[in-house]
Structure formats: structure tokens, C-alpha cells
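Structure first, then comments.
As written, the chain order gives the labels A, B and C, with residue 1 at the start of each chain.
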Amino acid sequence: MPLLYTQNLRREFGGVIAVADVDIEIFKDSITGLIGPNGAGKTTLFNTITGLDFPTSGHVFFKGEDITELPAYKITRSGIARTFQNIRLFKDMTVFENVMIGRHFRGNNPKIVKNKFLNFILGRIYVKKEEKDIYENSIKWLNFFNLLDMRDEYAKNLPYGKQRELEIARALATEPEILFLDEPAAGMNPQETDSLMKTIKRIRDLGITVVLIEHDMKLVMNICDKIIVLNYGKKIAEGTPSQVQNNKDVIEAYLGKTDD
Amino acid sequence: MLNFILLIFIYIGIYAIAAMGLNLIVGYTGLLSLCQAGFLAIGAYTTAVLMTTFHMGFWESMIISGFIASLFGILIGIPTLRLKGDYLAIATLGFGEIVRNVILNWDSVTKGPMGINGIPGPSIFGTTLSSMDKPAWIVIIWIFVAATYYFIRRIIRSRVGRALEAIREDEIAASSMGINTAKYKIGAFTTGAFLAGIAGSLFAAFNQSVAPLTFDFMMSIMILCMAVLGGLGNSFATIVGAVIIVLASELPRLMGISHIIPPQLNQILFGLILVLMMIYRPQGIIGRIKLNYAKIVKEEISDLEK
Amino acid sequence: MNLFNIPSNELLQHLINGLTLGAIYSLIALGYTMVYGILKFINFAHGEILMAGTYAGYYFYYFLYDPSKGAAYTIGIFIAALVIAMIASAILGVVIEKVAYKPLRKAPRLAPLLSAIGVSIILANLAALFFGTKSKKFEYPFNNSSMDIGGSSITPNQLMILAVGLIMMAGLKLFVDRTRLGKAMRATSQNQPVAALMGINVNLIISLTFAIGSALAAVAGVLIALEYKVYPTMGTMAGLKAFIAAVVGGIGNISGAMLGGIILGLLETFGVVILGIPQGLKDTIAFSVLILILLLRPSGILMKNIREKV
């Protein structure tokens, strides 16, 4: 059974059908690419899956459970993390703090802490233990991305490529089973893109399933096990990189109709 | 004269408590609330009714007042689940007006426009304070100011504060980090309302009377000005803001020229503060203090190592 | 079909009253909605702009007022006063935008809102300082004795409110839908950067929006003044109610503002009669409507629910 799948997922904005009854299946430990021309509905598909937008109809299943109606924070807590096409870091917080926020809810241990609000104010011992966990895990993820020496820098002051990495680090700090990346290579130079490719593979090797939207075909064709193609909200093809590359509909969607 | 200065510092203290509560909502969480006067009114009237009709003591009444105000904080906090910026501001304004309208018209409990008089003072160490005992009042009220300051400091330096900061920066990103933003926003509202309720209760007990017209929209604006003037997101700055605003509004009386200074100048001053501060110094006189949570946490957990 | 045991002539009477009230709300609501459509912020000072224009019209009218010159003259200077009020409000609206809002266009959302609240307080108090807090009677420029229709009465002023309201709203709708400037306005409210790229002078459009919205508010102000006098805080409550009307209709939506105004006017009138809500709590109706609509349908009744684009 796929780790995550959608059933007839649809999202309309007024007259625009951004996602048209799409079924996708994401298998564990895979890297799946989601491609399609601008406005194809890729980001909207991500949004409806991660709870930042609600579908007009259809369902999303994760680990066998229907998560369609869950609010974003519960979806994240269930093990789904994401990044954003136009980076949404906490700009005026430090690099370290950004990752700490990613870890925030993992420190919540409902078994010991009942009246949490007061406990925080009182600074109880188990609060400290949770904070320690957040602190140490944040360091772990900063190390993973070589961001540790920039830890006290404000996020907004990082170079663009580093901001993209920080956003991934923050997402990973939520300890997801599946990670959605929306155009992670956008705005990166070729060296940065290369290192990003390696990073994505390292993430997969940690046992985290990756789904990514990308316009950089070299990256997509190189690292994805499976590619899904959207056009005008519809899924027009899926398969291995070579299958998709040679698919007539895909070529048409990207290049326009060639006959006539 | 001395008496008058003491009086001013009593009012500064009461407003500072309410303004620090508002600062938690506006400054730290980034939600614009325009009904702090409404929460003050709820606190003041709860105390007035409990002490006159039910002959309760002041301290119990104060606690209950705080909780009733925070109950209404939850009530008005729930719309914040769905409202952003300006919409929220208007909804809170509407709420403040509803509170005032209800107080004005609920004659059987609130005595309508006349207000409630003859509220007994609090008893402390066996004596009952009246409005005349200003030095004692100063001490009591500034103890509450200090306690409020400390209370908010604890919240802000904790993980809760970190989450509030993230929500203020980018609510959508915060929710996709697994933060239950609704819970935190309602929490901020509730706490801010609680503090306003306490301030209102002190207000009622000190004046030994309450009247509905006191708690109007201008009072909400004045409290907001305190937080904005000092610097949003900084409790100490809020106290400074309260000192400046109350002194500025009482200056004519202090200098004995209140008969030639029309009362409108005061409010024009509040208006100017808002406009000019927004254009030239939106961070306030002192400005926000950016905490470094990594350092705070590191210190906090250092004794766990052993 | 008498649901609430109200005699049908009374029902008609309340309908007339509700519609006139609603027309006033609609006129004011248009200003909120147009500004929100373009700048995505609530012009809190809108009610005070209305008040200032009304004072201008009032003083102009009484400067020229001379009962010995006959009814036609009185009507003439009243119309002139209406125009003066519109011009005064329009200028004030444009100036306020330039001084207090424009520098804040790129600031965080809280900033322009707080600035607008500041402006509204300044204006109301300046008016109190210069014109006094006592309310001034603005006499009807015509004989306002009521006429009988089907057992209920309608005053000439009510008729005028309905007529003027209808003309202004129809004019605005035509302007926005049919003229080049109106189209530029819609384009700007839909997508400011793109509008700018297409050569639309966005600053001009913003000024124009403020001018039109403020002028419409001034008309409403003068019409209110005839019924309820002129005073420094006359715009505050009317402004708030009209804002609620704009929200009810779906803020940013011109037809919505008109509809919202009418709905609110009717709700307030009938709320008092049918639900027996005491007059003192009348304002509570509007605010409860506001909170309810924000909870149930925050984008208003005419707008589709659209979530923030991520």
C-alpha cells in the first residue's frame, strides 16, 4: 500500500479548476517528482495535501488514514512536512530558532505534561527536558546542512540558497515520514543545485520519503524514482523518468502541439 | 500636590497592567485588539457587583474578575481562529461596544448609566483601605505591576513565547510546523483579557465606584497608545509608555493650567502619537527586544547536564 | 401573510425607514469597500472624513442662507452645499491618504490601520475644538412634512435620501463598469503590480478612489445631518455601521456594499420592532451581525470564500 495517496482530489477557485480529480500514489522511501508547466496546479496539490488549503472534493490518505479534513498542524504532527515555493522562513528569527520552531511540537509530551501553559511559566523540570531535546535536535539538523556556524544569523540575512536549505532543515526538524519540497532548486546556481541533489538523496537514505516539485529537469530526471506530470490540473502521465521523457502528451504539454 | 502625583502613579500602574496585557496580544502575537477597555469594564463591574451585591471581599472578587474577563477573552478569541488583521480589529472593536452597551442597559445588575457606587475598599492586615490611603494603594498596585511584568517575562522567554513570535512572523508557516496557532492565539487573548480584568478590578476598588462611560473606545485607544509608544513587544517599554501617556494627559492639571487647555488636545495628542509613530518610528521609543531563544534555552538546560 | 402580527401599514412604514437607513449605510460603505479593494486596509478615518465634509456643507449653507430670497434660492444653496461637502471630503480624503497612509504602504499591516485610527481621533477632536461639541441643527431646505402612502408616511427627506442614494450608486456602478478610469480602478484592485506594468498610474487611481469614496460619504453626511444634526462624532458610529455593511456584503465588492447597507438598515429597523430589542441595544444588533458574519462567512455574502494564496 502506498504511504500516501489521493483519491479524486479536486480544487476549484471560482471557475479555475486548479486540481482536477487527481489520483497520486507515493510509495515509502521513494523520491517522486511532480512536474508540469506554470499554473498546472502543482502547488495547489501540495497545499490541499498538507492542509493549507482544503480540496473542493476528493480525499487524501496517509498511512491508511483519511487526513483530508485535518488542519495543517495536525497533518504536520502526523508526519508530513513541507517547504514553500516562495520561501516562508521566520525572517526575523535566527537560523537556530527557525529550526527550533520546526521541532516545537515534538517536545510536547502529553503523557507527562497536563497543564502545559502554567508549567512553562513555572519552568518545571520536564519542560527543561523537552527543551533540551529541542535544542539538541536542532543542532543535529543544522549540522546536517552545515548551517551551524550561521546559527545566530537572522534568517533574512542568509544567501538565497542557504535560505532554501534552512527551510528544508526546519521541515525535517518536525521529524516527517514524508517531505514535500516545492521547487527547492529555484534560484540556485548549478553548484548549489548539485549539492541539493546529494542532500535530497541523503534525506531519502534517512528513511524519509520525498516528493518534490521542480522545473529543473536535470535534477528531476537524475534523482526521481517516479515522476508525475500535471497539466491544467489533470494528471497527464506518470512513470519512470525515461517513460515520462518519451511520453507524447508530456512533450506536447511542454512544447505545445507540434503538428498543424 | 503630592497627593495628586501619588494619584497619577496609581493610575499609571493600573493602566500599565492592562497595557502589558494588550502588548501580549498586539506586540508579541501580532493580533490587533481594540477592546482592552471592554475587558477592563468586565473586570471592574464584576468586582463592583460581587462586592456590593454579594458582599464578597476584594481579593476573591479580583481573582474572579480576572477569570470572568478571560472567559470573555476566550469568547472573543475564538473569531481570531479565522480573522486576520483589520477584520479582527473591527470585531474586537464591536465586542468592546457590545460590552459597553450591555452595561449601559442592564440596569438590574449594573445600575445602567449611573454606575455602581459605594464599593468597599480592600481589607489588608485587618484595615480597610479607602481611596484616601494613597501610599498603601501605590504599593499594592505596583506590586501587581511587577508581578505582571514577571509573569509576561516568563511566558515570553518560554517555548510559548517562541511560538507566539513564530505566529506573528508567519502564521501559515507556523501552522505547517505543527504549531496549533489557534490555541496560542486564544491563549494570548485570554491572558491579555485576564490582566485587563485584574486592572479593572483594581480600578473599581480604588475609585470605589464604576461608571459605564469610563470604559469607552478612547480608553482602548489610550491603552494601545501606551504599548505602541513605548515599543510593541517590550513590557518594560509598555510601562514607560504608560508613564508618558498618563503624565501627558494629566500635565495640564499638574501645572494648574487645565482651565485653559481644552480636553480635546489630549486626544489629539493620542492621535498624533499613533500617526507619527507609525510613520517615523514604528518600533516605538524603546523598541522591541529580540530575545535569542537558543541562548536562553542553553542556559536553562545547563543544569540538566549534571 | 402576517408573520409577526404587525399591521401591514406599519410594516410598510418600517420598510421605508429601514430602506432609508440602509441607503445611507450603503453610501458610506462604498468608500470602505473601494479603499479596501485597492489598498487592502480599512480606512478608519472614513467616518470622520464624512463629518468634516458635512461641516463644510453646513457652514457654506448658513453663510449664504437667506430665507427672504425664497424657496428656489434655498434649494439652490442646499445643492451647492452638497457639492461643497463632497469637494471638501474628497480633498481631505486624498490628503489623508498622501500624508498618513502612503508612507506606510510597504509597512506591516498593523501600521496603516493604527495610523488611520490616529487620523480619525485627530479629526474628531479638531472638529470639537473648532466647531464646538454642541450639535448643530441643519434645517431642511424644504418643507419636510410627511406624505401619506397606504397608511404609512414618508417624508420628502426620506424620498430624497432614497433618490440621491440610488442616483449616486447607479452613477458609481456605471463609472466603474463603463469608463476607462473605472476599468483602471478595477484592474488596480485586482492586481496592483500588473496594473502598474500596463501603464496605469496607480497613485492616481488610489487618489481617485479616496476622492470618490469620501465624496459619497459627504453626501451621506449631509443627508444624516438633516435628520440628526451635525456634531463632531457624527461619523464615528455611522462609519462603523457602514463598515459592517461593507463586510456583510463582502468587502472589496461594490454591489456587496450597497446590498450590505440595505440589509443592515432593514435588520436594525426590524430588529427593534420584531425582536423587541430595546432602542438602547440597537447598536448591538449591528455588532452582533458583524461578529456572526465574520464567523460564518468572513468573505461576505456576495464573495466566494477565497483563502490566502500560499
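Here is the rule we go by: contacts are C-beta pairs under 8 Å (C-beta built on N, C-alpha and C of every residue); 3 or more make two chains touch, one makes a residue touch a chain.
Remember, it's a predicted structure, so these values are computed and weren't measured experimentally.
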Taking the touch definition from the top, what connected groups remain once subunit C is excluded? one piece
Which chain has its Cα centroid closest to the overall Cα centroid? B
Farthest chain from subunit A, going by the mean of C-alpha atoms per chain? C
Distance-wise, how many Å sit between the C-alpha centres of subunit A and subunit B, to the nearest whole number? 41
Could you give the separation in Å between the centres of subunit B and subunit C, each centre being the mean of its C-alpha atoms? 33
CA centre of subunit A versus CA centre of subunit C: separation in Å? 47
Among the residues of subunit B, which ones contact at least 2 other chains? 172
Touching two or more other chains, which residues of subunit A qualify? 52, 84, 88
Touching two or more other chains in subunit C are residues 310
Report the residues of subunit B in contact with subunit A in the complex, numbered from low to high. 151, 154-155, 158-160, 162-163, 165-166, 169-170, 172-181, 187, 290, 292-294, 297-298, 300-301, 304
Would you pull the subunit C residues touching subunit B in the complex into a rising list? 41-42, 100, 103-104, 107-115, 117-122, 124-126, 128-129, 240, 243-244, 247, 278, 280-281, 283-284, 286-288, 290-291, 294-295, 298, 308, 310
Residues on subunit B engaged by subunit C in the complex (per definition of touch): 26, 30, 32, 34, 78-79, 82-87, 89-91, 93-95, 97-98, 101-102, 104-105, 172, 218, 221, 224, 228, 262, 264-265, 267-268, 270-275, 277-279, 282
Can you name the residues of subunit A that touch subunit B in the complex? 50-52, 71-73, 76-77, 81-82, 84, 88-94, 96-97, 100-102, 104-107, 117, 120-123, 127-132, 134-135, 138, 151-152, 170, 174
